Amino acid sequence: MNAPTLFGLCAAVLVGFGLYGLIVHPQPLRKVLSFNLMGSGVFLVCAVIARRGAAAGMGGDPVPQALLITAIVVAFAASALAVALMLRQFDETGSSSLSNDPGPAPAKPAAKGEA
Amino acid sequence: MNLDQTLLAAAMGLPLLLLLACASARLRRRMPALFVLAPLPALAAALWAGHDSMLVLGNTRFALRFALDLPGAMLLGCAAVLWALAGMFAWRYLRERADSDGLVVCWLMTLTGCVGVFLAADMIGFYFLLAVLSVGASGLVLQGEGPQAVRASAIYLGLALLAEAFLLAGLILLAQATPDGSLLIRDAAAALPGSPWRDLTLILLLVGLGMKAGLVPLHFWMPLAYGEAPIPAAAVMSGAVVKASILALIRFLPWSTALPDAGHALALIGLFGAIYGVLIGITQSQPKLILAYSSVSQMGFLVAVIGMGLAAGDTGTALAAAFYAAHHLLVKGALFLAVGVVMLTGRRHRWPMLVPAAVIALGLGGLPLTGGALTKYAAKDLLGEGLAGSVAVVSSIATTLLMIHFLRRLSAMTAVEADARAPAAMVTAWLAMALASLLIPWALYLAIPIDTLPKAVAPAALWAALWPVLVGALLALGLDRLGTRIPQVPAGDVGEVLYPLEDASMAAGGWCERVDAFTRRWAVSCIALLLVSLLFGWTLMVG
Amino acid sequence: MSPAAPVNLTTPGGLLLVLAVLLPFAGVLLGLVLGGRHAQRVAWLTILLGIGVVLAITRASLGSGASLVYLLGGWAPPLGVALRADGLAVCMMLVVAVVVGAVGVYANGDFGTPAGQRETRAALAFWLLLLAVWGSLNLVFVSGDIFTLYVALELLTFAGVPLVALDGRAETLQAALRYLVYALLGSMFYLLGTFLLYGAYGTLDIALLAERVGAQPVTWMAAALMTAGLLAKTALFPLHLWLPPAHAGAPAAASALLSALVIKGAWFLVVRLWVDVFPGIVSLPAAQLLAALGASAIIVGNIVALRQARLKLLIAYSTVAQIGYLFLMFPLVQALNATQQGNAAAVTGGLLQAISHATAKAAMFMAAGLIYSTLGHDRVADLRGAGRALPMTITAFALAGASLIGLPPSGGFLAKWLLLSAAIATAQWWWVLVMLVGGLLTSAYVFMVVVRAMAPAAPGWSPKKQVPGYQQAAVLGLALCSFLLGLAALLPFDVAQIGRAVVPLVGSP
Amino acid sequence: MRIAADIFTIVAILTGAFFFLAGTVGLLRFPDTLTRLHALTKADNLGLGLVVLGLLPQSSSVFGGLKMILVWLLVLLASATVSQLIARAARRGGPHP
Amino acid sequence: MSIALHLALIALLLALAFWTVVARETFAAVAGFVSYGLLLTLAWVALSAVDVALTEAAIGAGLTGALLIGATSRLRKTEAAARAERPGRATRVLAAIVATAVAAAIAACVLLLPDPGPSLAPEVAQNLASTGVGNPITAVLMSFRAMDTMLEAIVLLFGLIGIWSLASDRYWGGRPGLAPVVEPNGILAYLARVLPPIGLVVGIYILWVGADYPGGKFQGGTVLAAMWLLLLMSGLHDAPAVSQRWVRLALVAGPAVFILVGVLGVFVAGAFLGYPEGLAKPLIIVIEVALLPSLAVTLTLLLMGPPQRSESSP
């Protein structure tokens, strides 16, 4: 049971937490949070694979580690877009919920946008 | 492009050209005048085009091929005559109608489809032109205006597309069976007996074409459609459009090899249809509905003739069936035009209209010296002496009964003020059609050697044709006394079962909508995604 | 049966593949900098050049008769990334170019910035996102590396999501958010599958993977995760929560792009994985499961489409149904593989189904857009007068509908003919039944809409806005493309089979 | 000389750890935000300083050592400003964590 | 000994992750997530992926944390409404079961994966010399799989275009983010004056060292973005208007240079994104130097969100 395998199991549990959070939490912000959690779990799996590919004098296989850097940046861009969408939906409707039966839209926030 | 190919191209091309010309509003207004001319090239093709040349459009693999065989030529010629005269009738009919665009486009579309189906030699072309025919015909029914017309047109189209679905499956089975992958109907028919899925293909083809021909369990669209469609449209649909499926039956079924079980089953359904059509017909009061049910009956009889021919494996059936269909085409078209004309003439002038109508109507029942007798005579040796032969006699009696009932209802439907006269163009069209339906069967009988003339005119044959008509007339008198006690059957008889069916489908729709709303909830969708991935993992592991 | 031998050499036409991907991206960069009216002109220039490049690629691949390959940076896989374009990819790139061109012509009406006016948000965003969608789709079709395909999927999602909320209405923002978070969940599954495959076989290249992939638990799990992720992005039936509101809410040109093209990207990946990478692994029961989901999509999608009150929602649900059709090909391919007959018929049938759906659905959505701007509403109940006001558009809608139903000579008919022949050749009768019932249900709502549109208008009614002619012409052109696609069979038939394992075609076309 | 350096490292790190412990106990025990802040910043910064001091001799190169001191200074700067901000937010009755 | 350290780290990671999922208050969950992000950096170091650790610390914990904390404070009002929509117990149990099933499947895969797994490290080592770069990961990012890195920069740009397209038409061309409230002698302003220079040096150092040691343009770009965000938040500098030409040029510069160098490769080195012999390192440096400012501007604007104020607002 060496360290990478331990981290691999930890990654699997993280993905489980992320999935649970994504399903259960109604607020989209908590969903993005859980999505990032799951993302870090998936990236940890990849890091374990990289660590197991250590050879030719390198601590880990550089190709999956390069993929990881790309994936982390892409995940950040996705979170930024999701948060921007949430905030715009909040500005327009005063509520941020994903349920498709639109409840009674509460009163619009007083001053829209202008600080 | 020798003469035959140019004739075929013109027959198909002119209606298509006129249909495309309808795109511009200006041309569309002057189109009714051309209705008479549109089918003439088809008539010329039927008369003079050779039966071995083939018009090919497209390259080797997928191409539209058009050719003409004897039954096809016979039916095409009669259909062209009916289209031309009904076109004249429709031209005069359209003059009073305000919005004629819909009828013009649908008329030309149906004409193109009809001529195309008669000429089609390959399966893809046949399937496509049958689709064009169905859409055009349902458009014609729609011109009846009113919620009933919309429902009738929807039912017509629904059943037509259902039939096309069966047909497509059958055609693909045929295509799989034909050895070198050629799509010609000739090769497909030849390959049918040897195909591994022979019975399934036969069932699919017979169900598909039977539905288009109005076989009994699925015939209810016919009375609904003909009842709602305007007169010229009903004339053309009951005459030419229905014959498309009969011609398809003639072309697709393998006449060389005997298929007793399929043939007998078909004959049984056909004969049952013949009797059932009449039974329901006599309960109707609308002349158009009576004619529709008479069509159901006649189609049933014709399918019975084909069934018996198929069982016996007699190659002559194709010609006999085509001859019978041609006669029915002419008579039914004429009778519909008669209904149109009589409805516009006053009581005082109705007799000159009713007499020819009576002659033709009784001819349908088999009155000697008329086309009907000839067709019954030609079909007699096919049906043989046994059960089928006697049922054929019963059906001619019943048809005579139905026709007399029709004539009585028709005479009661004259225009309100006594001395109204139908417009001249309509009357000429009707009379020309009546004349055609009397002369053409004789011309065809002589031209195509089904049997020698003297035998047909021999006193024995004449008497054999006369007594069913007399018995029919006697029954008609009996029917008169029954009068009011006959139960009133709604137009679509079996069609009534549709209403509970529609409610059931609405319920199913509601359930589907609830399922959709449930699966589109966030938590459910995510769990579904996880379940799908686990399911795929498991099936891959197990598989 | 592995696909054509993975020759890892740059073929002559290879550079065109790079151009096909980079041209739209360069257009986005230039358009962003210039902004305003110039963005539209840059977009138009890129569309014309892009169509030229795609035609050149078609000619090159038809000429050489084999896949075009390009090694990026000169490094051969497994280290470097290779771009490959076989017959499937070339056909899809052609269709995408045609649809993008037509949408471009149509969008001049809605998103054109007249001279002298300042840059508006929607116009700039639309033209940039149009090129973004095009570039990422071309990358999805040509990339030979499954991680680059992941990045391409993300590009496609990032380009698609803002299209949904382009006109800024509140409910479209929620629809866009649902679409984004669900698509991200899907692509995270796909990424996890990619990592597992790399962990097991040490390469990310499709051709090499096809050779090394063996029947092990890790491969099954990776295939399951990647397929589930892609199904979420294609919105196959149980996973279609985001599609109807997103496609119905977006403006007409945007929903045409989303419905016709963005969906096809993820579907194409499923085809690439199941037909090229996992032919040995994917068992018949798994393919049957995929087609079962497709069949349920056809049934529920069509029935719910029949009951929709708004035309755009009706067309969106029709997309849900037609996606089901796209997945019917997998058991047929698998069964044909098993019986050693060439799976060319089923693969080409599926491809033609996708192509005819892309063109027909884009035409339908744009027609719905024109109807909305003419009638002021898109309630299906009273479309009266649309037929008279927009004759070309309603004919286009009818032709597109005929292609979806599968009436000859449309592409849909040819696809249905091929798929039905394959289903019969492998004796899978239930898929035959599903296809025919699907065709009937589709015809129900297409004729419902056309008949209601043809009904004469109420007296004294006049169209709200006079729709410019070129928009109607674009819609009709696209519908004709789909309707006359059946004649494509008259061309040399196996355009789609270039570079694939050419096994003699069994049975009639 | 090596041994002396090692002993010095151990001693320094131990005291640093002790201060961290004190800071954590303070965090848990003290009643309100302000006092917790006080404990946290004071104890932890000092603890970190000692740990860095202890690690200096162990570091491979002078440049490495300088980098560690830079890290310590940055942490000092950051914790000072952040605790100031949190204090002001706490005084104004803002969101309490 | 190190196993114990790793176990402790894993236990802490799982505890924080559990807290992030279970916490009722969103702000608490985000606070838990930020510390989780920092600990995750340690995990990457434990798995000897130092480059990735740097990226995770900068982008994963830093920018994502800032993004989520900013969003939480603005969405505080929707907390009560959202709690009403919490799914019922059955859904939660089912979700837990399905999530654990998938996690178990992934754990099984991790256990089944070959331990000294197949690796491309030898090939990278062989060809490292020709890329002229010491750090193998930078070699993979900039030479072997340069396409992915270029696409990544384009992904960020598409994300930004997507965010900008969400603005309301009234404010198009305006400035993103809220108007800065300036208190010149506040403590934040003091930090904003002291830290950025240091940050600038550290950012550029990380970029420069990236060639041979862990580091690189994304990590450097993020540090610079953090510094500019600090300035923006402290009010010393106002966010640039979206319609300004220099902003758009800055955004496009990075990817454009990357594509141009790639196209140059076609003529000089015979393959797109290929580098001629010997010239690899300078070209890579040119790309990285061009990408650094572009990434910094893109990441900052990604965080600031769509334009919410008119161009001339205070």
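Going in written order, the chains are labelled A, B, C, D and E, and every chain counts its residues from 1.
To be clear about the criterion, a contact is a pair of C-beta atoms (placed from the backbone, for glycine too) under 8 Å apart; a residue touches a chain by one contact, two chains touch by 3 or more.
If you're wondering where the values come from, they're calculated on a predicted model, not measured in any experiment.
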item: Where subunit B and subunit D overlap in contact partners, by chain label; value: E
item: Touching subunit C and also subunit D, the following chains; value: E
item: Shortest chain-hopping distance from subunit C out to subunit E; value: 1
item: Greatest separation from subunit A - chain, by CA centre; value: B
item: Pair of chains joined by the greatest number of C-beta pairs in contact; value: A-E
item: Distance-maximising chain from subunit E - centres being C-alpha averages; value: B
item: Most central chain, Cα average position; value: C
item: Separation of mean Cα positions, subunit B and subunit A [Å, integer]; value: 65
item: Gap in Å, rounded to a whole number, between the CA centres of subunit D and subunit A; value: 31
item: Centroid distance [mean C-alpha coordinates] between subunit E and subunit D, Å; value: 28
item: Centre-of-Cα separation between subunit E and subunit A, whole angstrom; value: 12
item: Interface hub residues of subunit C, defined as touching at least two other chains; value: 79, 147, 151, 154, 158, 161, 165, 168, 173, 178, 185, 192, 196, 199, 202, 217, 221, 241
item: Shared interface positions of subunit B, touching two or more other chains; value: 520-523, 526-527, 530, 533-534, 537
item: Multi-chain contact sites of subunit D, meaning residues that touch two or more partners; value: none
item: All touching chain pairs, where touch follows the definition stated at the start; value: A-B, A-C, A-E, B-C, B-E, C-E, D-E
item: Contact set on subunit B toward subunit C in their complex; value: 23, 58-59, 61-63, 99, 102, 124, 127-128, 131, 142, 150, 153-154, 157-158, 161-162, 165, 168-169, 172-173, 175-176, 178, 181, 183, 197, 508-510, 512-513, 515-516, 519-522, 525-526, 528-530, 532-537, 539-543
item: Touching residues (chain side subunit E, partner subunit C) in the complex; value: 105-106, 108-109, 112-114, 117-120, 123-124, 127, 143-148, 151-152, 154-155, 157-159, 161-162, 164-169, 172-173, 243, 245, 248-249, 251-252, 255-256, 259, 262, 265-266, 269-275
item: Parts of subunit A lying in touch with subunit E, wherever the complex brings them together; value: 3-21, 23-27, 29-30, 32-34, 36-37, 40, 43-45, 47-63, 65-70, 72-81, 83-88, 90-91, 94-97, 99, 103, 106, 109, 113-115
item: For the subunit E and subunit A complex, residues of the former touching the latter; value: 2-3, 6-7, 10, 13-14, 17-18, 20-21, 26, 29-30, 33, 36-37, 40, 43-44, 46-52, 55-56, 59-60, 63-64, 67-68, 70-72, 74-75, 77-79, 81-83, 85-87, 91-92, 95-96, 98-100, 102-104, 106-107, 110-111, 113-122, 124-125, 136-137, 139-141, 144-145, 148-149, 152, 155-156, 158-159, 162-163, 166, 168, 171, 178-179, 181, 216, 218, 299, 302-303, 305-306, 308-309, 313
item: Touch list for subunit B against partner subunit E, complex; value: 523, 526-527, 530-531, 533-534, 537
